[in-house]
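Lettered A, B, C, D and E in written order, each chain numbered from 1.
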Amino acid sequence: MNSMVVLPLVLPLFGAFLLPIIMRASVGVGLWVGPAILLYGCWILGNQWISGTAMPFSLAIGGFAPPMGINLYVDSLALLFALAVQLLGLIFWPFKLDPETARRQALMLLLVAASTGLALSGDLFNLYVFYELVAVATFGLISASSTGSAYAATIRYLILSGIGSVLTLLGIALIYSQTGTLNLAHLAQLAPEQLNNKLGLTAFLSILIGVGVKAELFPVNTWVPEVYATAASRVSAFLAGLVSKLALLIILRLLVLIFHQQEAIQVMLFLGILGVVSGELAAWRAKDMRRMLAFSSIGQLGMIFIALSIPDQAGLLAVLALSFHHLLVKSGLFMLADGWGGAIENLRGAAKRSPLAAIVFILFSLSLIGMPPLPGFWAKFTLITELAAQTSPLYLIGLAVFLLATVIEAAYLFRLAALLYRPVSEEKPIDTIPKPAGVSLVSASLFGVGLLAAALFITPVGELLNHVAGQAANAELYIDTVLAGTGGGR
Amino acid sequence: MSKEIAHWLDNLLEEIEGIKVRRKSSRRVRVDVPADALPALLELLQGRAGYIHLSAISCVDWIEEEEFELVYHVWSYESHSLVSAHIRIARDPGVYLSVYDLYQPAAFFERDIHEMYGIHFEGSPNMEKFILTEWNGPPPMRKEFDSEAYINEHLSWQNYNPEWLQELIAEGGGIIIPPEEQRFSQKKK
Amino acid sequence: MAPLELIIELVLMPLVAFIVGLMMVLMMRRIAAKLQRRVGPPFFQPLYDIVKLHGKRTQVSHGMIHDIGIVMAMGGYIAAETLLPVPGMNGIAEKGGIITLLYLMMIPSLGLALGVGQCANPNGSIGIARALTAMLAYDIPLVIVVFGVAYAAGTTNLVEIIATQQAGGFETWGAVQMPLLAIAGLIAMHASLGKQPFEIYIAPAEIATGPMVEMGGKYLGGLFVMQSFQLYTTSVLYVSLFLGGGTTWFDFLLKSFLVLAIPVSIAYLFPRYRTEDLLRLMWKWPVMLGLIGIAFVM
Amino acid sequence: MSSIKQIPVIEEKRTNPLARVFDELVRFCRSRSLFLLHYCTGCGAIELPPAMTSRFDMERLGIQPMVSPRQADILLITGYVSIKTLKRVILTYEQMGSPKYVIGICSCTVNGGMYWQSYATAKKLDEYMPVDLYIAGCMPRPEAVIEGLQQLMQRIKTGEAKGWEDYYRNYDYYLGNQQKLFGNDWQTPTDVITEAKHYDLLGEGTLGEHTALLEQHQQPLEALEMRLGHQVKEPAE
Amino acid sequence: MTLTLLDELLLFSGVTVLVALFLGRRLPAGWMVTILYGIQLLSLLKMAPLGYGGDPIPSTLILEVMGQTLSWRFDALSWYFALITLGSALLSSWYACGEWEQRFRQAGGNVWLFHLAMALNVFSMLILLASGDLLSLFIGWELVSWAGFLLMAMAGGVATRAAMRYITYAMVGAMAIFGGIALVYVSAGSLQYDAILTAVSQMGTPHLWMLVILFSAGFGIKMGLMPFHLWQAPAYAETPGPGSAFLGAISSRMGLFAILLVLVKLFGIVNIESLKIPFTLIDARDLLAWIAVFTIIFPTFTAMKQNDARELLAWHGIGQGGYMLLGLVVADAMGAAGGLLHVFNHATYQAALFMAVTAVIHRTGTSDLNKLGGLVVRMPLSFMVLLVGIIGLAGLPPMNGFVSKWLVYRSLLNEGMPLLFVAAVIGTLGTILSVYKLIHNIFLGQLRVEHEHIKEAPWSMMIPMLILAAIIFITGLLPGIPLAWVASVQEAVGLSVPNYTLGGVESASGSLDMIWVIGVLFAGFGIGALVFYSAGKSKRVHQLDNYAGGHFLTADIRYQYSDNFYAGLMHLIGGWYRGSFLWLEKSVKSLVEFLSLGMQGIYRRANAEFYLLSTALFVIAWVVI
């Protein structure tokens, strides 16, 4: 039963390569292949989650026992992320019919496969491979919207992520030279003696910056505004919502299992704070809706990085709460941005045209700011109490920056909300005001409903996240599940 | 006014033909000019002789000669001397042109003369009444207007004849010329 | 204090205040006359004025609020009198302290302000604006002085303040204990009377006696009564705060007449202050003296 | 003075003695406390300051100068009254609270004085308002003014100075003279007729053809009464 | 589970919100909502023993969220504030429905949203008042500030801009409180009040300093204390009619409730007093007192310069807030009683004043003081209500404002704080001046030609105003009634209680008995009236029959003196109005603009790789060295 877990990873991969062929054969069938695969993937992961057999468990690919072969480590955190990938892939499925559909759907399948792989894989090099695959798939998807600025953005993003992956490779090579193995569990055993020195730290930092490109870490996220502004809003929703979180997952795994040095956490905290400050302040002046959302996501991810820098399980709980909340809200907002893209000025009076969209927008911004009953408040509350508990002054600065950032965020979000409701002069015909497309409005309100549901059942959601964080936090569980299956490593 | 300035002024005034100059004293010159030559004279005095201040315009009602006499008193701060230009205009149309463009204060004097004598000045900015706003009779300063007759007709008198005054008169005191003879209006009749 | 006795006191105190007030108005006009080397009005002149004004046959009113204004002007002071202890009669001084008295002394001027407002006369409104500004000016030093005295005596009850001052005879008088506060109080009292140097709001030539421009007949009569009450209340308040109140009626009246003589005689020697000069003067010297006085008291 | 002579000078005595004593007291106070409004129309006004200040000191007689007509009892017309000023003098007179007295100083108010010939001055002041006392002299000296004032005080004490009632009782006569001078649409903001009705000083001479003329073109002058206005239906805009 | 009284109250409040939400479109919605407020008030009165020393009533609803327990309960303090909230809500919504509603709908206003916003405001305020621990306090606080934003922003245009400015200030306040809660949670382990009480005693001074600053700043913003007061006047003035009456009466007092709860009850005044500011001889309590005193003076003198009646009243709302804080911070028996009583008094007369001004706007269409005048003859009842209100606002004897100000002054006198005393008196005098300008420019003076045919405000608006005027006078005459509630609040919060009687306060160093003072005052008025009305008949004259130096007044010329009303005073202090706080606010705004410009610059750089390489180099260098 456990081995079924591989399918959601493998099937989309095959689908991606077969799709152009099927598409050429008959478009009708081709259209349904992608969603079918994804639905099947969701079903597998869903009943895996429900059946909840002995979590976590390790799956050796091709019979080679770790640390030699490649193994998939499936614990509740990984499963959650994988399920999220399948689901979001389904929601953001590019249905639009035009000559590019085949290529775009194939790339989407590839992206989903790579992301699931990223979530599940337990081997460092395997992570690197999937990371590259994800990067390639995103280049294709962004350039698919075939506009001049999209190409320029893609090129700039290509160069940046290329250098990033070189740095990651450098880090992995250093770790390999030091310990001789790439399996995470094995590394976790060896880390205290071998990787606890300066060399280990350099390796971690280079991986941090390399992966940070995707995770929108402060200095390396200059590609974010252009890419999210020019790419199709479905793609940028998927990128902003999920892919950046997966990159974060890698760093999370490394931090929990291998690296415990203090300097690493300090660097991450510092970069996180800078990310929050730059993201929120840039968003204050943004004139374009998508660009504003891009900067806001930089800010939010900066907050998640601050949460990541809090050691042990409490920090992880905050990270998970913040990231899943951001996932829901940001993808919803990007869905709204589908119709409402472009300059903010001509959004004046948009509420009159589509009252539902305006209400959903206000719901999302209230939750983003942390209005009490909504889950955003509880996520911020956990983060705040953790940050306050820390002793070193940098954390207090982080707390202050976090609070001020929320104020700025409230200011620019509600400036936009007030603009929506401002009466528009009569002679301006009603239909020239932009209106979000039907489908994306439906998915946005779907996210809204998800948010409200999370608000109502906050306590069970709280326990779930706590359980997941607990499982992810203890490294020993990870090591003995992976290595126990193979009778102890070398 | 020093000798050479006075001399210089005299031959300056010669330029206006039909002018009669009479020097009243070292600081006063009387000039008689035909009515239409006045603006030229005033321009000359203001422009070349430094008479920049029009201190007054007065008017005399020659009822027998059927003429109004307008006198323009112009003063110069440099030569400290006053030139009075006298002109005569016919009484019945009683119309003359305004010198407002040369001297702004003229507006006020002309308005006053219009109210009191009924002379109309073309070009004067404002000709409404401003002193005799309650008065709707003829211009009162004209000679043919008999103020006392107007009063006798409109107002009544206090026959102020208390006892003590009567006893005084009885003893032969009191006023020598009885009040009736004193009245100007009775004198004529 | 039997209720009947209290009722008599409540009626008697305003009456005494009115009579003494009339005498004070007379003294003021007599001093003014003597300063200008004039003979001065006959003895009962203030009474004649008031009776004549109340005896007028036709009087002009601008509305109900105009009448109520005058009633409040007189009524306010009548109520204030009952809070001022006089030798032999304490009225309801215990029931409300100095702060209540200061507020009750504000009610007549505000009632008058309402009445004058209704007359729709620009002179009146300008007068009232200046009167309120003058009130702002002289009330601050007055409050500082009252704070000083109340803090020194530890109570706001006038009866006790007078008792503490009379305890040690001359030495324990307020003026002796707190000389600076006494001087500041004097200046503030002079300004509150609204006499010559500080009467910008009744400036006859400029705004035709300000608030009183539309007051004829019994309205003006009411204001004359208010003026007499005002003189009485201010001087008696000063006496009870600084000169130890009156042990007997004679020295009580002597002290209050002397106290009133000072500002009144200063009054007719100075030209009128502009409003902002009045403010500047009042906020500079008496406030400074008062604060230093309080520093000593503290 | 012509028309005043006919009214018999009988002081209607009130019945009960207390009222009579009270009237006596009020009349005494009225005579001993006079508020003076000297309307400096002409040159006579220069005589007033010496009468008030230290040399002659009016205050010992109880006379105080007052600024506004509402507060004044005596209206002192000092000098010639030009027609333009007469309008303002009549307005001021009507704004005074009665019992009010008019004193005409200088012979100009008596019979036109030095300006008897002038078309612009009013000759007889008492045609337009009841004058209680004339002080002749082309600027009477302060002694004469004070002498006049003392005579007025005497007449107030005896109750003879009733000029102000005459203005109400013969308003039509005065209004006629005023309309003759100022034209038929002459109107002062004070509503003398309703005032006469209010204080029941209506005489037979109050209403006549001149007041009828006044009625035609009079703007509404009734006081703004305080009302809720709920029952007043909206005026048809 | 049996429904406690508190649950009943919250249930009714929730029902009101639902009624306003769903049935709001139909016409009688206004009346339905008003009746529901009435029911809520009844259920509150059933909890009356709370007001007289009864023990707190817990609510059955207890939530366990993310490891925190949220509980709600009502004690004397929350009962007192709830009474004021529901009272002003009932009267404001009664005032709203009827003719005002129709006029508001004709003018394009959204009546449904108005009633919904009011109901939301009341519901969130009740939740805030009932909060049992610090977390539920914060949740209630956020709900109140957002409900307030909704009520302020619904009028559109200028109101939305003012509401935006309010919400930025409110967010800064909320985040300060949120930070404070985090710090308290860390040191106290849990957010329950008793846990915090024990933790506060061992807390170090720098830690306590940080908490006091955070909490007083956060709550101070809502109360409009000095440095953060700029948002309140435009926001309250622009809210539609009865909304401004409700907000003016109670909304900013929620800040005082929170200060009372946190600073006085949890931290205790004695601890706050122990926090000394180095190198100066004042401590935290004096700092708060001086902030309160500046909050009294500056807004009052700003109010004097306003030319719009609603702005003037809103500025006074801020000023009076200073008195309440001053009374509380002095914290002796009389001072605290004065501060708390002032909350009740201010709610009554501020609501009455705003309603009267709205009635004038309803009839004349404008609230600009230079376009009104002489309305007393056409709107006498509104005049009477405004008169009663301004006597209360200025704190003069017959009305209740006097009692609470008297108590505050007496406590300052007892504690021996001369400078505070004088500053408070300057505030009162400033109030009297600007309040007279209000009544003079609207109701007294020359009635304009266009206002000659206007009518008195309709009865649906007049009855609540008359009820408020009656309350103001009765609580002025018998201050004992509210003083009883205030005493039980003082016990609940742990402050000493003055011995109060029905007429006022008895104390050794001078007492106050309002029944006697008002009795004597009205006796004086009686005698004055006797003397006045026995002196012959007087006749009403037309307003043009006025002495103007012999000039004939005509109706079309406006001779009313209303602009630059205190010219003399303004000559002297005119120069001091430099708007330094406005400048402060602008500089903060431009700083944020400048920083965001810089940040956007970073993201516009073309060669992004430069960043990547430089950070990598920097980090590795940092590690190696």
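Everything that follows uses one rule, which is that a contact is a pair of C-beta atoms (placed from the backbone, for glycine too) under 8 Å apart; a residue touches a chain by one contact, two chains touch by 3 or more.
Remember, it's a predicted structure, so these values are computed and weren't measured experimentally.
Asks: Determine the shortest chain-contact distance, in steps, between chain B and chain C.
Replies: When the steps are counted carefully, the minimum from chain B to chain C is 2.
Asks: Touching chain A and chain D alike: which chains?
Replies: Chains touching both chain A and chain D: E.
Asks: May I ask which two chains are joined by the most contacting C-beta pairs?
Replies: C-E
Asks: Which chain is the middle one, judged by CA centres?
Replies: Minimum centroid-to-centroid distance belongs to E.
Asks: Measuring from the mean C-alpha position of chain A to the mean C-alpha position of chain B, what distance in angstrom results?
Replies: Once rounded, the distance between the two centres reads 104 Å.
Asks: Quick one: report the Å distance separating chain B from chain D, using the average Cα coordinate of each chain.
Replies: The answer is 40 Å.
Asks: Give, as an integer number of Å, the spacing between the C-alpha centres of chain D and chain C.
Replies: Result: the chain centres lie 36 Å from each other.
Asks: Distance-wise, how many Å sit between the C-alpha centres of chain A and chain E, to the nearest whole number?
Replies: Spacing between the chain centres: roughly 46 Å.
Asks: Quick one: which residues in chain A touch 2 or more of the other chains?
Replies: Not one residue of chain A touches more than one other chain, so the list is empty.
Asks: Of all residues in chain D, which are in touch with two or more distinct other chains?
Replies: Correct list: 68, 70, 95, 195, 199, 223-224, 226.
Asks: Give the residues of chain C touching no fewer than two other chains, as numbers and ranges.
Replies: 55-60, 63, 208, 213-214, 217 - these are the residues of chain C that touch more than one other chain.
Asks: Which chain pairs here would you call touching?
Replies: Taking the chains two at a time, the touching pairs are A-E, B-D, C-D, C-E, D-E.
Asks: In the complex, go through chain D and note every residue touching chain C.
Replies: 25-26, 28-30, 32-33, 53-54, 57, 59-60, 62, 64, 66-68, 70-71, 73, 95-99, 195, 199, 223-224, 226
Asks: Taking the complex as given, what residues does chain C use to touch chain E?
Replies: 10, 14, 54-63, 65, 67, 70-80, 82-83, 92, 94-100, 103-104, 106-107, 110, 113-114, 117-123, 125-126, 128-130, 132-133, 135-136, 139-140, 143-144, 147-148, 150-151, 154-157, 160, 200, 208, 213-214, 217-219, 221-222, 225, 274-276, 278-280, 291, 294, 298
Asks: What part of chain E is in contact with chain D in the complex they form?
Replies: Checking each residue of chain E against chain D gives 374, 376-378, 380-381, 447, 452-456, 458-459, 537, 539-547, 550, 552-553.
Asks: Looking at the complex, which residues from chain E come into contact with chain C?
Replies: By the definition above, chain E touches chain C via 373-374, 376-377, 383, 387, 394-397, 402, 406, 409-410, 413, 416, 418, 421-422, 425-426, 429-430, 432-433, 436, 439-440, 443-447, 508-513, 516-517, 520-529, 531-533, 535-541, 543, 545-549, 559-562, 565-569, 571-572.
Asks: Sort out for me which residues of chain A touch chain E in the complex.
Replies: Going by the criterion above, the answer is residues 156, 159-160, 163-164, 167, 198, 201-202, 205-206, 209, 213, 219-220, 222-225, 263, 267, 277-278, 281-286, 295, 366, 369-373, 377-378, 380-382, 384-385, 387-389, 399-400, 403-404, 406-408, 410-411, 414-415, 418, 421-423, 458-459, 462.
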